[in-house]
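Pasting the structures in now, so scroll down.
Two complexes are shown next, each including chain A; its partner changes from chain B in the first to chain C in the second.
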Partner chain A sequence: MIEAVALTKLYGDSRVVDGASLTLDAPGVTAIIGPNGAGKSTLLSMIARLLPIDEGKAFVDGLDVTRAKGDELARRISVLRQENGLLARLTVRDLIGFGRFPHSKGRLTANDHVKITEALAFLDLEPLAERFLDELSGGQRQRAFVAMVLAQDTKAILLDEPLNNLDIRHAVSMMRLVRRAADELGKIVVVVLHDINFASAYADRIVAMREGRIVVDGPVEAVVSEETIEAVFGLPVLVREIEGQRTCLFRR
Partner chain B sequence: MTDRRLLSLGLLGLAALFVVSLFVGAGDLSLATILNGQLDGDALRLLLVSRVPRSAAALLAGASLAVAGLLMQMLSSNRFVEPSTVGTTEAAGLGMVVVTLLLPGAPVFAKMLAAAGFALAGTFVFIALIRRLRLKSGLMVPLVGLILAGIIQAMAHFIAYRADLLQSLGAWSSGDFSMVLKGRYELLWIGLALGAVALFAADRFTLAGLGRDVSVNLGLAYERVVAFGLVIVSLIAAVTVATIGAIPFVGLVVPNLVTMAMGDNGRRIVPVVAISGAGLVLGCDVLGRILRYPYEIPVGVIMGVAGSVIFLALLARRRPAHG
Partner chain C sequence: MADVAGNHVSAAAEDPAQVAPKRAARQHSLRMLAFLAVLALFSCALFMTLGARGNWSFVLPFRAPKLAAMIVVGHAIALSTVIFQTLSGNRILTPSIMGFDALYALIQTLMVVVAGTAFVTAADPMALFFAQTAVMILFALGLYGSLIGRGARDLLRLLLVGVILGVLFRSLAGFLQRLIDPNAFVVLQDRLYASFNGIETDLLAVAVVAIGLVTFAFWRLLPQLDVLALGRDTAISLGVDPVRLTQLSLGLVAVLVSVSTALVGPVTFFGLLVASLAVALVGSRRHAETLIAASLIAVICLVGGQTILERVLGFDTALGIIIEFLGGIVFLAIVLKRGIQ
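Up next, the complex of A and B:
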C-alpha cells in the first residue's frame, strides 16, 4: 500500500531525511519515534506529497505520489500535520464535512452524512458539532481535525503527533481509536509519537529515526529495549515489563 | 434566522436603500414628484442617466469589492488583507497609468484588461513575498502588503507625474460616484459576475483558507485554486479602478464582520458578504451626498474614515494569532 524507497530531503547541504525506506502493507498501527529534528514530519510529508521529494520515490497503492492526481491520492491516503487550519472559523461539522471533499466534491450525499455522523461519534464530538473551531480548546480542535481525516475514509492514515494538546484521558482514547481504526476498519495507520510508552502500548510496529535515517524498524519487543532507546535518543533509560507491557522509565 | 431569510432581508434592505439613493442629491427630483405624476422629461433623464446608474454602480462596486476582500483573505490565510492593502489595487492604478501613457486612445475595456494584468502581477509578488518570508499569520502579512502597496503607488505617482497624468491617477485611486453616468459604469457588472464565480467555487476557496497542507491532503489543486482566485481578485480591482476608482476598507471590514458572526464557510457567507458590501458602499455614498448638501463628499473619503474606525475596533477584538 505504502512504499517509500530511499526517500531523501535536502535543505542546503543537510540531509534532513536520508535514504529512508519503508513498506507498509498490512493493516495495523506503526509508530514513528525519534528525537526532535530527526526528520519524522519531513518523511511523512514527502510520503503524503506535502513536500517535494529530492531523491527516492514514494508509492501509494502503486501510484507515484509525485505524479498521481491529487484527488486519486486523497481517496487513498490522508495526513494530518502537527499544526493545522489557519483561517478556520468553521463549525466542527463543516470541517468534518470537508473530509468528504475527495469523494463528493462538496455535494454531500446521504452516504457522506453517515460518514460525518460516524466520525463525530468516534471522536466524542457530538456536543461540539455546531461550535466554531476557533472557539475550541487546542485538544478539541485536534480531535476535530482527526475526525475530518477519519471521514476522509482512506485506507492509509498518517498522523503527525496526534496526541499534541491532549490530556491523558483523550490521549488514551485517541490511541484506542487508532487501534480500532486498524483492527475494526482495517486501516494502515502511521502515528508520530513522542511518548515511547504510548508507542509500546498501542503500536504493532515501531520505526525509530535519528538524524534523518531510519535506525530501527521492527515489532515493539525488538525496539523498546534499553540499548535501542538509548541509541536513538542518546539517553540512558530503564525498560521493564509491567503487566505484560514494555515500559520505559527514567532515572532521576 | 435561517440563511434564506437573512438573504431575503438583506436584499429587501438593499432595495430600500436603492430607492432612497435615487432621490438624494443636487437636482430636482423627489419621490413626491413621481407619485404626483409630475415627472417631466428633465427629471426622468436625471433619474435614468445619472441616479439609477450611480446607485447601481455603488451596489455593484460594493458587492464585488467585498467578495474580492474575502477571497484575498482566504487565499493568503490571513484576515487582515484586502486588495488595496497588498498592492493589487495600486498595481491596477499603475496599469491604468502605463496603458494610458502608451496607448492613450485604447477603449476603456482594453485599459481595464491591462490594469488587471498589472494587478495580477502585483498580487503574485505579494503572495511570493509572504511565502518567501514564511509569514503565516499575525500582523506581519498586512504590514508587508502595505509596504508593497506603497512602493507600487510611488511608482505610479512617479510615472504619472512625468507624463502629466496625476489628475487621472487621482481619479483612479480615490473612489467617487459623482461622475457615474449611463454608459460609464457598465464594466462593473463584470465584477458581479466574478462574485458569482467565487460563490460557485466557494468550497475550494474555503479549503484554501485552511492552508496548503489541509488542501493538498483533500486532493485540492491548491496552487491552481490560488491562482484562479487571484485572477478574480485582480479583475475586480481593475474593473473598479477603471470605472469609479479605488474604495478602501470595504474588502477588509465587511468580510471580517461577516465571518465573525457566521464563520468562514464560503458557501454560506459569499452572498452575505456581497449584499453587505453593496449596502455599505451605497450607504456611504448616500451619506456623502447628504452630509454637506448640496455639495458632495466622495465615497472614498467616507469609507476611509468609517472603515479605518471599524478596522481598528476589529484589530483590537480579533486575535491575530488565528490569522
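Up next, the complex of A and C:
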C-alpha cells in the first residue's frame, strides 16, 4: 500500500532524511519514533507529498506520489499535521464534510452525509456537530480534524504528532481512537510520536529513526529494549514489562 | 448549494434538535444576502431616478454607464479581495495593499514611455487593454506567485513585502512620469486617474465581458478555494494542488485588478472594507456566500454612497476619499485587534 524507497531530503548539505525505506501493507498502527531532528515528520511529509522528494521514490497503491493526480491520491491516503490556523469559521460538521471533497468535489451526496454521520459517531462528536471550531477546546478540535480524516475514507492515514498539546487524558483517548481505526475499520495508520511509552502501548510496529536514517523497524518487542532505545535516543533507560506492557523508565 | 440536498438526509437520520442550529445559521446568512440584495437594488433604482428631470432618453444613457461601471468595479474589487485573502491565508492583505494597482500604474507608465503617446492614443483600446492585462498577469504571477504560493504563512513579512513593492512601483512610476513631456503626462493621467464621471463606454463593454468570464471561472473554482482556506497541508491531503490553484487564481485576480483600475483608478482600502463587512455579516463558511455578500456590499457602498453624495448632499467626487477613510479605519481596527490577541 505504502512503499518508500530510499527517500532523501536535503537542506543544503545536511541530509535530514537519508535513504529511508519503508513498506506498509497490513492494517495496524505503526509508530515512528526518534529524537528531535531525526527526520520523522519530514519522512511522513514526503510520503504525503507535503514536501518535495530530493532523492528516492514513494508509492501509494502503486501510484508515484510526485506524479499521480492529487484527487486519486486523496482517495487512498490522508494526512493530518499539527493544526494550522483556519481562515474560514466552520462548524465541526462543515469541517468533516471537507473530508468528502476527494470523492464528491464539494457537492455532498447522500452517501457523503452517511460517511459524515459515521465519522461524527466514531469520535463521539454528535453533541458538538453544529458548534464552531473556535468554540471548542484543543482536544475537541483535534478530534474534529481526525473525524475529517476518517470521513475522507482512505485506506492509509498519516498522523504527524497527533499528541502535541494534548494532556494525558486526551492523549490516551486519541491513541485509543487510532487503535480502533486500525482494528475496527482496518486502516493502515502511521503516527509520529515523541513518547516511547505511547508507541509501546498502542502500536503494532515501531520504526525508530536517528539522524535521518531508519535504525530499527520491527514489532514493539524487538524495538523497545534497553539497548535499542539507548542506541536511538543516546540515553540509558530501563525497560520493564509492567502488566504485559513494555515500559521505559528514566533514572534521575 | 452543496448541502441543500443533503440536509434532508442528515435531518432524517438525526435528532432534529441538532440540525436546528445549522438551519438557523444558514437561514441567517440567506436572509442577510436577501436583505443586501434588496438594499443594492434600491440603491441602483435611487441612483437612476433621484433628481432626474426631463427626457428619460437623455437621463438613461447619461446615468446608465456610470451605474454599470460602479457595479462592475465594486464586484471586481470585492471578488479580487476575498479571493486574494484566501490565497494569502489571512484577512488583512488585499491586492491593493500588496501593490497590485501600483503595478498596474507602473505598467501603464512604462507603456507610454516606451511606445509613446501616439501609439497609446491611436491603438485599439480593446487590443491595448488585453495587452496590458496579459502583462499584468505575467508580472503578478512572477512577483506574487512565488511569494504566497509556497505556503509562506508569515503575515508580517508578506505585508511588509507588499507595502514595499507598492512603494517601489509607485516611486518608479512617479519617476518616469517626471521624465516624460507634459503632453504625454496628461494622456497618462487621463488613463490612470479616471473616475466614475469619465467612463469610456467601449472599455466598459470589455470590462463587463472580462469580469463576467473571470466570475464564471471563479465560480467553478469555489469548492477548491473552500478547501484551500483550510490551509496548505490539509488542501494537499484533500487532493487540491495549492500551487496550481494559487497561480490560476492570482492570474484571474490580476485581470480583476486591471479592469477595475483601468475603469476608476486605484482604491486602496475599499476591498478590505467590503470583505471585512461581508465576513462580519454572513460569516466565512463558504466562499459563495461571502463573495455574494461582498459584491452586494460593494455595490451598496459605491452606488448608495454616490447617490447620497451627489444627489442629496450635492457634493461631487468626494466618495472615494470617504470610502478610503472608512476603509483605512477598518484596516487599523483589524490590525490592532490582531495585535491585542
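In this text, the second predicted complex is superposed on the first by the 249 of 252 C-alpha atoms of A that agree within 3 Å, B and C clash if a C-alpha of one lies under 4 Å from a C-alpha of the other, contacts with A are read in each partner's own complex, and residues count from 1 in each chain.
In this section, a residue touches a chain if its C-beta (ideal position, glycine included) is under 8 Å from a C-beta of that chain, and two chains touch if they have at least 3 such contacts.
Given the structure is predicted, the values throughout are model-derived calculations rather than measurements.
When both complexes are superposed on chain A, chain B and chain C end up clashing with one another. Of the two partner chains, neither chain B nor chain C is touched by A:165.
When the shared chain is aligned, no partner comes close enough to touch A:247: not chain B, not chain C. In the superposed pair of complexes, A:110 makes contact with chain C only, with no contact to chain B.
Of the two partner chains placed by the overlay, only chain B lies in contact with A:134; chain C stays clear of it. Looking at the shared chain after the overlay, A:89 reaches both chain B and chain C.
Between chain B and chain C, it is C that contacts the larger number of residues in chain A.
Legend: residue contacts after superposition of the two complexes on their common chain; A:197 is shown touching neither chain B nor chain C.
Residues 48-50, 69-75, 78-81, 84-91, 94, 98-99, 101-102, 105-106, 149, 152 of chain A are contacted both by chain B in one complex and by chain C in the other. The touching residues of chain C, when paired with chain A in their complex, are 2-3, 5-6, 9-10, 13-14, 18-19, 21-22, 25, 85-86, 89-91, 153, 222-224, 226-227, 229-234, 236-241, 283-286.
Those residues of chain A lying in contact with chain C across their complex are 48-50, 69-75, 78-81, 84-91, 93-95, 97-99, 101-102, 105-110, 112-114, 116-117, 126-127, 129-130, 149, 152. The residues of chain B lying in touch with chain A in their complex are 73-74, 77-79, 136-137, 203-204, 206-207, 209-214, 216-221, 259-260, 263-265, 267, 322-323. Residue ranges of chain A in contact with chain B, taken from their complex: 45, 48-50, 69-75, 78-81, 84-91, 94, 98-99, 101-102, 105-106, 132, 134, 149, 152.
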